[in-house]
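Across the two complexes that follow, subunit A remains constant while its partner is subunit B and subsequently subunit C.
The block that comes next holds the complex of A and B.
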């Protein structure tokens, strides 16, 4: 933490209005049917109190439909135009702390040593993340058990603590320091004390015993081959809701679009391993032919293979996959109740 | 609801004991007090897991085609009607299915309850009698709330049954509101809704009488595969129109949507049109045929 401050709630809109001159500001807004992260034009549009929005700000870094390049063919010659890299600085306000942690997990998948997604990287660099802690964690929030938390500071540039009339603000990085203006007042010792208590109370609630110590006694292959996986997938209806609402998942597929006048483009769209055609090769071979294979693959990628590779879970415990599953499959339970026999 | 739970459990035990069913598909408690989840019961003692609440929005008939055993299934009357449609279309064999149904009070929308300030702790207990204004749109207009005979082997007999509790004055649905708008306004509304779509296919996969499975999200069938409002609208309209004369308004598609796209506001006008113009409502009998179904006689010598 660089320093801390206090921002009165009525002043938030003035602060955001100030930012709007220099930055693109994205904030949670009630758009009528759900709470969404959308670009705002007035500071007063931003919601200050909200639950876990159905979609995390993931789409601003890894859009659901992302232009890679466009082509133009003219008399047999084809020119390829790479997608432009936007440069405008932006601020995302109201990020849930576990969603910022999720971006760190996405970094591990998209910014690899020899394979850097330059578009993703540029979007990450030009974005300042302002978090609001979840002081009333959702019922399904198990972020503490997944290695994050309702007041997790990693990945954020600023973290707001909701203290009824005001926000206690932790400025965590240089990027965050740049957007502090004269609406902020110095914090006092009682704010810090209150913040510590608030964090502790929230963390008590955002827990679920995943019971994963047992996994260490078995090899990955043994876990992969457990008959347990042939039972738990039964209520799955093969949609991709859990994958698409997940803030850490980055599965994608490319489609080529032909347009009029010899123009065309290649677009990257979200994909889900639950869908039957996922990862099918051009010659028709499907590495995961049954629903059981696909279900097990997603769960184990998150809780076994990814941790083996990187040391952290591919999950931040936001609970969205459970909340938005049409058949309400409780992934926490599936992990906690693995039967090793 | 508590009484209903006991009846369902008793019936499930009877089906398993008498060997009429190898497994029971039913509802169990979901991870939150305002949700329910499907459960597969193979043993008599596990029947205690079966329950019923005002939040059983899934249509369990969606699991039937993948099961090769005799199944007892807990189904709301609208779900039973989809089973009739599935049997008619040879998706499942008639004699393999045993129905456990009940007089349905209607399902409640947790969002509307939240707006009313009904607190989460009691949500699992509430029912439509106390909060008729929180009913889902499709439950508001439902008049087939009684189940047919115990199974669907014979010709089912559904009884016209309106709710047995007073309904609120404002019974208008979103479809009614949209009908009052101009074409341009409606177009704008749906553009906005479908721009939000994340193409998860939850709507299509949770529908028991839709067999496309969302494959046309890929390049074929006239869509480019991009995620734009126009493409999403094309796909969803093809989904909705292919269900004309088959959709029984069980609402599984809309309640499955993670981004709250009100799909039944498209289904409801088609349902009403079919009912008012052709006098046909899907899933009520085997003998009546959908007006959209055209059976042309095969030319001699073909199709044998």
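The block that comes next holds the complex of A and C.
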């Protein structure tokens, strides 16, 4: 079900104000620290034009610190109370299309055939995603080459095209249809034509030749064992920044917290496979003892192992890992320049 | 039995500590009973599967079930006392409560093993994941042609499950038990001085109608696989326990990943046929 509409830019705030009556609304805001997705209380606070925010809205589905359960101990007896499942519906406005694609990749990891992360699943179900296409893609955006794009529709409920004074809006799902109100006006053919051209222009810019056709000539084991991996990791300082800004990554661990009065809780927090203790077994064995091992694991999980399992890259080409790497490692080049010898 | 039992996979079942037994200076076996009586009666797992054991307020770690799945009502879990959870469990009294999630992983190929000669080849704490299978065979001896335990330890004080090794298993008609210690002051009945080569020379494993289950340090695993292949065991009949971190226990946190495989979902036991295709990260 696709239909379209037009929303004048000055009317966006009125539309968001209307939504605030029924939904929690999250939008990109300049918080003074950076562009962040935060809950808003006034439609006028939402930014309409912005570059790639440092963090995707991933944290609203897979929070940096996520309560799993609480416990209460009394005279030796322990009761376990699962974390409540939030029920209020919410709208995230201003999602970059590659970040919505990233959520589809997270779905493959968190909503599995044999086990479901019920907290994540509930947040996905109660959220409507409104995207704003990147008509001027960031210079590091290679989303088209990673299977997404500046106007990728998959995973979004609505997609906005910025046409200077107004937005051309594609309504992509029933969830999207539910939030259309009388601020929207019918679209005309010239809007559609402009949108097609805008998409085409943006897609031309969001490309980088990853040169992965060559990978098909080698087995996964051969790629894993290439001497190349012993060279390319050297600038890495194992800070984990690339993993924490990545919109598709779900590495995590849990922490137990003891509180007063016999109470306690278990919290899941983000983790990074770059950290030396990440894969250490309960008995102290580390299958990836060197930084070379851990760097290779991160890169190959994204571009080899996850695709083997699911058929898609574990990357949407947002470019954040490159932008935020303190030693300027360019993962596009690492992939494109793999030396098969 | 490969998937966790609950709808919300993060929630442990509360279990009561019934018994603890020090196995050696580093390891102890804890016996738990699920608080929920129905669960206690119905809970099932396969030898070689793991539980995610919570000491509430301290944390959660993965350990092998070490009792036989035939022992309904209670489960044994053998734990390193040097670990985070183990150091707290050591101080716990009978009646205190922990959390258990699981079972996690696929465990040993029990069906494939039926009617066969099964070699249980373990080094030091490698015997932990094999104890459940051995005690299952004690309870169901007609299911197997023969069980051959080949246990190598660094020193006598590293021995685990001595009562079973030198008692129940050694005395059972379908068992053969070979135990060697690399360092040993004085040999005695059932315990010889030896290394992995001498262990294989003495036990002399035969490939016909046989499976081998191997657990221990990475060096030990490599040495055993080499011996078994030299003795014409097929890759498909050699099963190896891969040391891997189990954290979430159902394939999302990434801690256990080996190539495209989630070891906590379809491991930690793999045939050599499978392992030869995967990154050699062990």
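As a working rule, the second predicted complex is superposed on the first by the 340 of 341 C-alpha atoms of A that agree within 3 Å, B and C clash if a C-alpha of one lies under 4 Å from a C-alpha of the other, contacts with A are read in each partner's own complex, and residues count from 1 in each chain.
Assume contacts are C-beta pairs under 8 Å (C-beta built on N, C-alpha and C of every residue); 3 or more make two chains touch, one makes a residue touch a chain.
These figures come from a predicted structure and were not determined experimentally.
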Combined model on subunit A where subunit B meets subunit C, clash or fit: fit
Touching partner for A:65 - first (subunit B), second (subunit C), both, neither: first
Which of subunit B and subunit C A:306 touches, first, second, both or neither: second
Subunit B versus subunit C as contact partner of A:293, first or second or both or neither: second
First (subunit B), second (subunit C), both or neither touched by A:112: second
Partner chain in contact with A:257 - subunit B first, subunit C second, else both or neither: both
Angular separation of subunit B and subunit C about subunit A, which is computed from CA centres of the superposed model and rounded to the nearest 10 °: 90
Subunit B versus subunit C as contact partner of A:326, first or second or both or neither: first
Residue contacts with subunit A in the superposition, subunit B compared against subunit C: C
Subunit B versus subunit C as contact partner of A:87, first or second or both or neither: neither
Gap in Å between nearest CA atoms once subunit C and subunit B share a frame through chain A: 9
Contact residues common to both interfaces of subunit A (with subunit B and with subunit C): 255, 257
Of all residues in subunit C, those that touch subunit A in their complex: 2-4, 7-12, 14, 54-63, 80, 83, 95-97, 99, 125, 217-218, 243-248, 250-260, 265, 277-282
Contact footprint of subunit C on subunit A as seen in their complex: 68-69, 71, 73, 76-80, 82, 109-110, 112, 114-119, 219-221, 224-225, 250-258, 264, 266, 268, 271, 273, 278-283, 285, 287-288, 293, 297, 301, 305-306, 308-309
Residues of subunit A that touch subunit B when the two form their complex: 33-34, 36, 54-55, 64-65, 139-140, 234-235, 237-241, 243-245, 255, 257, 267, 269-270, 272, 275-277, 322-324, 326-330, 332-333
Complex interface listing, subunit B residues touching subunit A: 30-33, 35-40, 58, 62-63, 120, 193, 196, 198-202, 204-206, 213-215, 218-219, 224-228, 252, 255-256, 258-262
